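Shared between the two complexes below is subunit A, which has subunit B as its partner in the first and subunit C in the second.
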Partner chain A sequence: MLFTDPVFLFAFLPASLVLYLLARRTFGGRAAILVLLACSIFFYGYWSVKYLSLLLGQILVNYLFARKLTRSQSRALLWTAIAVNLALLGYFKYRNFFLENVGLLTGWQLHLSLLFVPLGISFHTFQQITFLTDVADGEEDVPPLPQFMLFVIFFPQLIAGPIVLHREMGRQLTEVVAGKESTAGTFGPGFALFCFGLFKKVCLADNIAPFVDTAFQWPLHLQFIEAWAAAIGYALQLFFDFSGYSDMAVGLGLMFGFLLPFNFNVPFAATSMTEYWKRWHITMTRFFTMYCYTPLALAAHRVVDERGYSRIRAFALCIAVPTMITFLASGLWHGAGWTFIVFGLVNGLGLLINHAWREAKMPHLPRVLAWALTMVTILVTLVYFRSDSLAQAHSILRSMFMPEHILLPLWADALAAKIGVSVGFFEVFQAANFTAHFMLLIVLFAPLAVLLPNPAMKPKKTSPSLPLAFAVAGMIWLTLGLLGQPRTFLYFQF
Partner chain B sequence: MRSWFKFFAWQLPLALIVIELGVELVGFGLSGVTLHRHNVDDLAYSVAHDRHPYKVVLLGDSITHNVAHKYRIGDVDEVADLTTHAFAGLPSSLFLLKRYLESGHRPSHVVIAASRDVFTQPIDKGNFDYYVATTFTRPYEREFLGKYYPGYVDYRWKPAALSVTTKVGEPLFSLLRHPGDQIWIGPDLPSKSPVLDQFPNDRIDQAVVDQKIAQQLSLTPEAREILMRMCSLSRQYGFKLHVIFAPLPPSVHATLAQQGKLTALNNSVKQVFEAAGADVTLDDASDQESYLSFDRDLIHIKGLGWEQKFAVQLADYIHGYDDGSSGRFDGEDLARPNVSTHAIQSISMMSR
Partner chain C sequence: MSDASREEILAKLEDIFRSVFADDRIVLTEGTTAADVTGWDSLQQIKIILACEKKLGIRLRARDINALENVGEMITHLQTALAKTSRKQ
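This part shows the complex of A and B:
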C-alpha cells in the first residue's frame, strides 16, 4: 500500500485516524497506542504477511537485547546485537551481490535464487540499531514493548524513513500514554504538509519520470544534450519523489500528533558537498555521522594525538579515512551493486576535496561557481545512482563530459544555423514535442527544487488561512486528477 | 485550534468548490475547441475535413508514419496517410478509417502497414488517455473502448478540476495551433535507388534482441475485433483491405520464422479474415527486401536511405493492387484550401 494508493488515501488513512482518535478519547492513551500499532502492523502485512512475521521477530529479538543491555551495558552484547541486525540486512540485501562477485572472482558457477528484499529493511534495521546503541550508552531507557514496537513500525516512517531516534519518538509516545499529547494543534499542519508531499510526488516527480526513464533506457545512444537532460531530470525526479515521501511521512505523523524529523532542507541550493549532505536525506546523514563517522574520527584523533602525526597524515587519518568509509557504507546501504558503491565513493571524494580545500585555507570560490561545481558533482553521483550498471553510467557520463561532437536534433535545424552548431540524428530527442515537454518540465521544476523552502522544517508554524485553503485545494484537485497510475516511490527499494 | 476548525469547516471546502466551479466554467467555455495536441488529434480532425478523393488509405504505426511523413507514397494525391503510432494503436486506425468513410470518402483500397507489435501487444496504458480516450469520443468509439479497455472512462464526465490538463490546458494550447484541414502528404519523392546509410558506430543491444525474439506473437482480442470490424467496413463501403507487416532486422526475422511464430501469426490473421468472409492480402515487407538499419529498439527503420527504400516498397505494393478503380468523395464538396506546404511542414514537424 503506497501513500498514493487510493486504498491508503480513502480507506486506510481515514479509518486508522478515526480508530486512533476514538480509542484515545474513549479508552485513553494506552489503547490508542495499541490501535496505532495494530494499524501499522496491518499496513505492513497488507504488503506481505510473510515478511511481517520477520519484522515482528526482529523487533522482539531487539527488544530482548535492549532489556539485557540495560542491565549489563556490555559492549560485546551490543556488538552481537548489531551483528545480528546487520546479518539479517546482509542476508536479504547483499547475499546475492556478494556471491555473484565471489563467483566472478573464482569462476564458480553459482545458481542464485532471487531474493525478495523486505520493504524498508534498511530503514527499520538502522532505527533499531540506533536504539540499541543508545540503550547500551545509557542514554535511553527501554520502554514497554508496545511503545517500542510502535517506535519501529509506526507506518508513516516504516518503509522509507525518516530514520527516527528513540529520543525523538519515545517521549512523545510516553506523553500519549499519559494522556498529555493531543492532535488538536497538529492535525491541520499535518494535513497541509501531507497534501504538499502528495503533490510533489504525483504531480512533479511522476510527471518527469517517463522522460527520465526513456533517456536512461538508451545510454549508448544519448547525445551531449540528452545526457545532461537525463541527469538533471533524474536529480529533479529523485528529489521530488523522496522529499515528497518525507513530507507525507512528517505530515502523517503530525496528523496523529507526532513530530517526526524532516529529511530535506533545499539540498539543491547547497554550495558545497558538505552543505549538500547536511541538506539531503538529513536523518540518514545523521545516522552515519553519529554511528559511523564520529566514532571513527574520534578514534583516529586519539591515535594522531598520541603519535603526533604531521598535518597531512592527520588529515588523512582523521578526515579522509572516516569520510571514505562512511560514504562507502552509505553507498552500500542504498543498494547492493557496484553503481551504489561508486556513488558513495564519488560523494566521499567530493567531500574530501571540500575538506582539503578548507584545510589548505584556499580562497572562497564565488558563490555561483561553488554552486555549479557542487551540482555537477551531485549529477555525476546521481548518474551512478540511477544506472543499472557501471557501463551504463560511464556511457552517459562520456556523453556528458567527452562528447564526440555537440549537435542539435534535426528538427532544430533553424536554431542550429543561427548559433552555428551542426545538426544530427537524435534517437531520444528525435521527436520535437517529447523534447519540448521534457525541457519545459526541467525549466519549471528546477527553480522549485532550488528555491522552495521545505515546510516540513517548521510544520507547526503553518497557520490556517484562506490562501492556504486555496493552495491546499488546488494541490488536492491536481493530485486527484493524476492519481490514476501511481508509480512506486524510488526510495522503497533501499 | 479554533482557526483550524474554521479552516476545515468552511475555508477548505469553499476553496475546493470555488476551484472546481472556476475550472468547470473555463472548461465549459473551451469545450467546443477541437484538440490539436498531436498528430492523432490532427488526423481525427482532417479526415473529416479533407475532401480530396484519395484512392488508397494508408493506416499503420510509427514505422510507416516516419516514412510517409517524409516521403510521398504513390502518385500525387493517391494515398491518404492516416498512419499514427503504437501509443494510439490499432483502435486509432479503426476510428480514423471509420470517420474518414463516414465523411463521404470511398477509397478503393485500405492498407494497414505496421509492425507486428500493434497486433500482438496491448496498448500502453500510460498514454491511452492522451492518444486514444480523449481524442476519440464518438458513440461508436466509446462503445468499442468501453468494451475492450477496462478502466476506460469518458473524460467528458469527469469533474473539470480533476482533468484540468485535458479540459483547460490542452484546449488553450490547441487554440494556438491549427494544422489545417488537409491530410498531411510527405513532401519529398523517395529515390528509387537511395543511398543506404551506414552507421558503423551503432551497437546492437543484445537485451533488445533477446526481448524481441522471446516476445509472444499472438493476436490480442482487441486486434482481432478491430480486424473483424475493418472487414465489415470493407463490405459496407466496398474497398479492399491489405495488411503489410513492417520490416524486421534479418536476424530477428529469421529466428522468429524458425520458431514458427511468424507463420502462426499469419495464420491467426488469415483465420480472422476468413471468418469475416473478406478477401484480404497479407504481405511481409521483409520477405521481398532486406533492411539492415534500425533504431536502438530494433523496430524503427533508421536512416533516410532505408526509409526511402521502404517508401518505394510501399508504393510498389500499392501499385500492385491497382485494378483500375479510383477513389471517390461523395460528401459535401469544398474547394481544397491552398495551404502553404512550408507552413504545414513546420507545424507537422513540431507535432511529431
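This part shows the complex of A and C:
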C-alpha cells in the first residue's frame, strides 16, 4: 500500500485517523496506542503477511535484548544484538551479492535463489540498532512493549524512514499514554505537508521519471546533451520522489500528533560536499555519523594526538579512513551492488577533497564555482546510483565528460547554425516533442529543487491562511488528476 | 573548575571555536547551532570536543559528541562532565 495508492488515501488513512482519535477520546491514550499499532501492523501485513511475522519477531527479539541490556549494559551483549540484526539484514539483502562475488573469485557454480528483500528492512533495522545502543549506554529506558513496537512500526516512517531516534518518539508516545498531547494544533500543518509531499511525488517526480527511464535504457546511444539531461533529470526525480515521501511521512506523523524529524534541507543548494550531506537524507547521515564516523574519527584523533604523527599521516588516519569506511557502509546500505559501493566511494572521495582543501587552508572558491563543482560531483554519484551496472554508468559518464563530439539534434539545425555547432542524429532524443517536454520539465523543476525551502523543517509554524488553503487545494486538484498510475517510491527498494 | 558557571564555560568555548575555525569574529550564544557557524561539521565537532577535553581536563565519549545539537547543550554536557571529574578526584 503506497502513500499514493487510492486504497491508502481514501480508505486506510481516514479509517485509521478516525479509529485513533475515537480511541483516544473514548478510551484514553493507552488504547489509542494499541489502535495505532494495530493499524500499522495491518499496513505492513497488507503488503506481506509472511514478512510481517519476520518484522514482529525481530521487534520481539530486540525488545528482549533491550530488557537484558538495561540490567547488564554489557558491551558483549550489545554487539551480539547488533550482530543478530545485521545478520538478518545481510541474509535478506546481501546474500546473493556475496555469493555472486565468491563465485566470481573462486569459479564455483553457485545456484542463487531469487532475492526477496522485506520492505523497509534497512530502515527499521537501523532504527532498532540505535535503540539498543542507546539502552546499552544508559541513555534510554525500555518502554512498555506496545510503545516500543509502535516506535518501530509506526506506519508513516516504517518503509523508508525518516530513521527516528527513540528519544524523539519515546517521549511523545509517553505523553499520549498520559493523555497530555492532542492533535488539534498539528493536524492542519500535517495535512498541508502531506499534500505538498504527494504533489512532489505524483506531479513532479513521476512526471519526469519516464524520460529518465528512457535515457538510462540506452546508455550506449546517449549524446553529450542527452547524457547530461539524463543525469540532471534523475537527480530531480530522486529528490522530488524521496523528499516528497519524507514530507508525506512527517505530514502523516503530524496528522496523528507526532513530530518526526525532517530528512531534507534544500540539498541542491549546497556549495560543498560536507554541506550536501548535512542537507540530503539527514536522518541516515545522522545514523552513520553517530554510529560509524564519530567513534572511528574520535579514536583516530586520540591516537594521533598521543603519537604526534605527521600532517599527512594524521589526515589519512583521522579523516580519510573514517570518511571512506563510513561512505562505503552508506553505499552498501543503499543496495547490494558494485554501483552502490562506487556511489559511496565517489561521495567519500568528494568529501576528502573538501576536507583536504580546508585543512590546507586553501582560499574559498567563488560561491557559484563551489556550487557547480558540488553539483557535478553529485551528478556523477547519482549516475552510479541509478545505473544497473558499472558498465552502464561508465558509458553515461563517458558521454558526459569525454564525448567524441558535441552535437545538436537534427531538428535544432537553425539554433546549431547560429551558435556554430554541428548537428547529428540523436537516437534517444530524436523526437523534438520528447526532448522539448523533457527539457521543459528540467527547466521548471530545477529552480524548485534549488530554491524552495522545505516546509517539513518547521511544520508546526505553518499557520492557516487563504493563500495556503488555495495552494493545498491546487496541489490536491493537480495530484488527483494524476493518481491513476502511481509509481513506487524509489527508496522503497532500500 | 567543577563549579564553573555557564558563562565561564561559554567564554572558554568561544575561545576554542575561534581557534578551531581560525576566525576571531565568532560570537557564541547558548542558542548557536551548527547551522550558524560556517564549516561546523562532524569533523570540526570532534576537534572542538578534543580541545574542550584539553582545556577543561575532562574526558568525553563519542556519544556525548553526537548528543550536542547546540552550544547550550554542549555547556550542559561539559558541566556534567566537570562535576563527574571533580567527584572522582
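As a convention for this text, the second predicted complex is superposed on the first by the 494 of 494 C-alpha atoms of A that agree within 3 Å, B and C clash if a C-alpha of one lies under 4 Å from a C-alpha of the other, contacts with A are read in each partner's own complex, and residues count from 1 in each chain.
Going forward, a residue touches a chain if its C-beta (ideal position, glycine included) is under 8 Å from a C-beta of that chain, and two chains touch if they have at least 3 such contacts.
Owing to the predicted nature of the structure, the values given are computational and were not obtained by experimental measurement.
Q: Specify the outcome, clash or fit, for subunit B and subunit C once both structures are aligned onto subunit A.
A: Fit.
Q: What is the contact status of A:293 with respect to subunit B (first) and subunit C (second): first, second, both, or neither?
A: After superposition on chain A, A:293 lies in contact with subunit C alone.
Q: Of the partners subunit B and subunit C, which touch A:137 in the superposed model: first, second, both, neither?
A: second
Q: For A:51, using the defined touch cut-off, is the partner it touches subunit B, subunit C, both, or neither? Pick first, second, both or neither.
A: neither
Q: With both complexes overlaid on chain A, does A:463 touch subunit B (first), subunit C (second), both or neither?
A: first
Q: Touch test for A:474: subunit B only (first), subunit C only (second), both, or neither?
A: A:474 contacts subunit B only, not subunit C.
Q: In the overlay, answer first, second, both or neither for which of subunit B and subunit C A:196 touches.
A: Neither partner.
Q: A:327 contacts which: subunit B (first), subunit C (second), both, neither?
A: A:327: touches no partner chain.
Q: May I ask you to decide whether A:8 touches subunit B, subunit C, both, or neither, giving the answer as first, second, both or neither?
A: neither
Q: What is the minimum C-alpha distance, in Å, between subunit B and subunit C after the two complexes are superposed on chain A?
A: So the smallest C-alpha gap separating subunit B from subunit C comes to 29 Å.
Q: Would you mind writing out the residues of subunit A in touch with subunit C in their complex?
A: For subunit A paired with subunit C, touching residues are 137, 139, 274, 278, 289-290, 293-295, 297-298, 301-302, 305, 319, 355, 358, 361.
Q: Residue numbers of subunit C touching subunit A in their complex, please.
A: Listed in rising order, the residues are 22, 34, 39, 41-43, 45-47, 49-50, 61-63, 65-67.
Q: Going by the contact rule at the top, pick out the subunit B residues touching subunit A in the complex.
A: For subunit B paired with subunit A, touching residues are 1, 3-4, 6-8, 11-12, 14-16, 18-20, 23, 38, 125-126, 161-165, 203, 205, 295-296, 302, 349-352.
Q: Quick check on the complex: what are the subunit A residues that touch subunit B?
A: For this pair, the touching residues of subunit A are 184-185, 187-188, 191, 210, 218, 220-221, 411, 425, 427, 430-433, 436, 463-466, 468-470, 472-474, 476-478, 480-481, 485.
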